[in-house]
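What follows is chain A paired twice: with chain B in the first complex and chain C in the second.
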Partner chain A sequence: MERAIRAPRARDVVFEALKTAAPQTFDDELRRAFLAGTSLKLAELDMDSLAKMEFCIAVELATGITLLPSQLSELASTDAIERRLCEAAVSLKAEE
Partner chain B sequence: MSAGAMHPHALFRPHASSASQRLEQALRLYRKRIGRCRTENQRNRVHIALENYMTPLEVRHFAAALATDPPESPSRNWIAGLNALMPTKRVRPAEFERRGVVNGATLYTAEAGSPKEKTLVLAFGGHFHRLMVPTPSVLDCLDPTLFDVILLRDFSRTFFAKGIFGLGDDFFAAIAALRRHVDPGSYRSSIALGSSAGGLPAVLAAILLRLKRGVSVGGMDFPYFAGKLDGWGVSAQPYAELLASRPIPFPELLLVYCGGHEIDAGAAVALHPRVPSRLVEIRNCKGHGVFPTKLRQGRLPSFLSKLLGPQPAPELAATISHVAQEQLG
Partner chain C sequence: MATLFGARLEEHASRDAALAVILPGLEMSYSELLARVRACATQVARARLLPSETVGITIADELAHFVSSLALLSLGVPQIGLPTYEPIPKRLDLARRLAVTRVIVADPRHALPGLQALPVAVDAPDAGARRAPKPVTSDPDVPGIWYASSGTTGEPKIYALTQRMLAWRGAHIIRSEGGGAEYRTFSPVSIEDPLSKNRRTYCAWAGHASVFQSRTPSPPRSLQEQCTSLGVTCVELTILQVSDLLADRSDMRRLPARTTVYTTGAMVSPRMRSEFEARFGVPLLVHYGAREFGRISADTPGSGDYDTEATGPPVPWIELEIVDGEGRTVPKGEVGEIRVRSEHMIRAYHADPVATSRHLRDGWFYPGDMGSLTPRGGLRVHGRGDDMMNLNGIKIFPAEIERVLEDHPAVKAAAAFPKSSLIHGDIPIAAVELHEAGSIGAEELMSRARERLGLRAPRKIIVLASLPRNAAGKVVKRELASFVTTGT
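Presenting the complex of A and B:
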């Protein structure tokens, strides 16, 4: 069962997942920018395949929503990921 | 996601008596565990954990057994991919076996050779609890009659400042406790090797334990380390004092980094004057991952041989300056 997720929470989830998956490239400067509302391009985070897996695992653990590593290149930015998480939560709520 | 929430020690705990029984038991438990997974992320979680713990022998056993699964089987595809990352695929008369010292430390050793003939490698894993490549890929490069490896894992993700789970609550206590499990002095040689977040801890451990050599690969500089410790409420003072100490014998320290990676190059060059050490720039490498680059290039065995050999290869022995930089092939 996926949990209801709102935009601010989606941002928190992505923030924590990036801290786990990209500890080096998601540095203090990018963290501050992200918290200030900037959307980050995933390409600039230089995540390898392991980092992408860890990111998706962290998101699923936090929300129950399955986001796959293969979908990340299509989503491309943190804003797009947050939208995807919110949409997934809404559609699931509608199905309940 | 409880299906993925398991500790690999549980999967590999050696209840079975013989090596073949243990391999079969591990495979059975793997199949049971993976059978509970409902999503790709759950399977990935199990597989990542296993890649951090397995031995080359286990990889070969799993690969042979899972090769008969359907072609679309995630397990078959996973182990085929992992097996492809074994640099030598060499079957050896004596193979590494895993012995859990504690949760945060795993000993890989073989029933062959004595410590007097072997080099002990204290491997400080990075953020993902390995040397940036699957653990069996590293072990596959090493002759088990010549090396014992203890892989140390930083589960608190605090550069080992909050210790090693099962050994101690801070770096110094953990290293002292480790000495009660294994005596580096009983070995022919002892080397600390760390990558990324484990790089500087490996340098510090080499000084603390007066090992023959300490190797940081893609490690950080001290001020960054100290700043993070401060944020976690840990005093950097004892680490600063250790780094400034010059015990005799003093280890040979190597600071290895990708030349094309600005952050790592800057960190290594900045750490170099703080402690007697040698800079080793890896060319034809742009990212943070020196080991993954060497693995892709098919050069991981020779690279590890140079880092861990009885005498540093001439190209490693050269102190690299901005004027004359050695290339490490």
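Presenting the complex of A and C:
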């Protein structure tokens, strides 16, 4: 449904996906830091394979962009995920 | 007289140095395992169990769960796993349906409200437990382990495997996986999952070793390291785990040549299989089955030249047919409904005549999947014959979601449907129509659904002014799916 994605939108998507996938570790403190512009290290969020799967599903539902749980392991931070989402959106748009 | 599993454990324990359990830094022989099982059985027997009473097990620790499960099998006491990963209301509901009043726990925090906790300690077998307590029954044809799965009515279907069924399956499956003296199996899935638990139970029946994950927090070990250092010969992985392994470049070593790797399901692409073999040096074998029935088809280790369009040939210890809607077998290559039967299969679901008549007819078990036989005799599974969703191997029925949502007083009607995903299969979505606009939000409904359904909850809920319906008043789910995909 939603293809175009710019950096601020990507940040919203990551925020919502983390709320769903890592409700325990993505606590109020990390949420405040994230909203203030901090890039979070994924290691801090301690996401297991199930949490990664939920994260990818949330991203796919919000953007139409498919992300493999295993690809998350290559992305060390939330900033890196946002960049990946923006790049993927550009490719998708080009394909369309 | 001992139960089948009780006698079998005694037999294994009489063999010198036969290993039963292997963990990083610990190797446990069958005689050591038996001592723990007896000690656990003695603790449980003190609770004065009633004949045919079913006892719950809520233990995440693999060794403690394994010992407790074997203790109940030795006592002839039916058991059901009430996993820590399931929401508490679901565990309580399962307990209620099987009249469970007592639950074995290793961690007091896992006690369930309203049920008596039976704490057990499995790490310090006392000397007083040299003799096995007398079994409640040694009848091998009464329920041994109860299991719960999803149901079309929205409630999980419940069924039991007897000790005879477990033994029969264990003997066939482990033998088919090449179970020689060196056989050691490993599954990086919690023992609370029925498939993983069964693998360990079958292995115990066959007298081989189960490799467990470390009991203490430790740095993650690669599969290659796990298999090399712990001598694993047979691994079972989920399709997602295979996908993760292929993407993980941190350990580029190959697996030892002795390793047999299985994954399950119909969604294993030939590309994934060839990539796996190129990377790890061993083939990725596939099997297909149904929890209620057991293994239906499987690649045979060592046979080479696997039919990558199939989930392996039907296993030789069962009968399989592909039939049309009238129950007539279809010509080879044509798609039809899969049905199977075997000497030791379930005959009914617990207190669920609807599910029983749907899946168990005329002596056959119908898993509900469509399939065909390839020219080489392999079973190709084409997907569900009904509207069941499959999210990364998690089977989800729309009715199950709809029922939970419609259970909320603010919800007038709910409709669940899949959004197709190349990666995840079917992502469950739900749309709801409220009695009064604005009376509840999607977030609150999501939270309720997660609490009740766990992993089977919808991943998105849309609140609509009204659900699209046809002239007969039936919700048109196709329109809802289109709305999610296109926004119109």
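What we mean here is this: the second predicted complex is superposed on the first by the 94 of 96 C-alpha atoms of A that agree within 3 Å, B and C clash if a C-alpha of one lies under 4 Å from a C-alpha of the other, contacts with A are read in each partner's own complex, and residues count from 1 in each chain.
The criterion applied here is as follows: a residue touches a chain if its C-beta (ideal position, glycine included) is under 8 Å from a C-beta of that chain, and two chains touch if they have at least 3 such contacts.
From a predicted model like this one, the values you see are computed outputs, not experimental measurements.
**Q** Could you tell me whether chain B and chain C fit or clash when both sit on chain A in the superposition?
**A** clash
**Q** I'd like to know which partner A:E60 touches here: chain B for first, chain C for second, both or neither.
**A** A:E60: touches chain B and chain C.
**Q** Quick check for you: in the superposed arrangement, does A:D48 touch first (chain B), second (chain C), both or neither?
**A** first
**Q** Residues of chain A touched: more by chain B or chain C?
**A** Comparing touch counts on chain A for chain B and chain C gives C.
**Q** Which partner does A:S73 reach: the first (chain B), the second (chain C), both, or neither?
**A** A:S73 sits against chain C, while chain B stays out of touch.
**Q** Please work out whether A:Q24 is in contact with chain B alone, chain C alone, both, or neither, and reply first, second, both or neither.
**A** first
**Q** So which bit of chain C gets in the way of chain B here: 6-14, 114-122 or 240-248?
**A** Between chain C and chain B, the clashing stretch is 114-122.
**Q** Take the contacts of chain A with chain B and those with chain C, and give the residues found in both.
**A** On chain A, the overlap between the chain B and chain C contacts is residues 50, 53-54, 56-57, 60-61, 66-69.
**Q** For chain C, which residues are in contact with chain A within the complex?
**A** So the residues of chain C touching chain A come out as 240-241, 243-244, 246-248, 391-392, 419, 421-424, 427, 429, 455, 459-460, 484-487.
**Q** Where on chain A does chain B make contact in their complex?
**A** Interface residues on chain A, with respect to chain B: 23-24, 46, 48, 50, 53-54, 56-57, 60-61, 64, 66-69.
**Q** Over in the complex, which chain B residues touch chain A? Could you list them?
**A** The contact residues of chain B facing chain A are 1, 4, 39-42, 44-45, 48, 127-128, 157, 196-197, 263, 287-289, 292.
**Q** Using the touch definition from the top, list the residues of chain A that touch chain C in their complex.
**A** Touch list, chain A to chain C: 1-2, 20, 49-50, 53-54, 56-58, 60-61, 66-71, 73-74.
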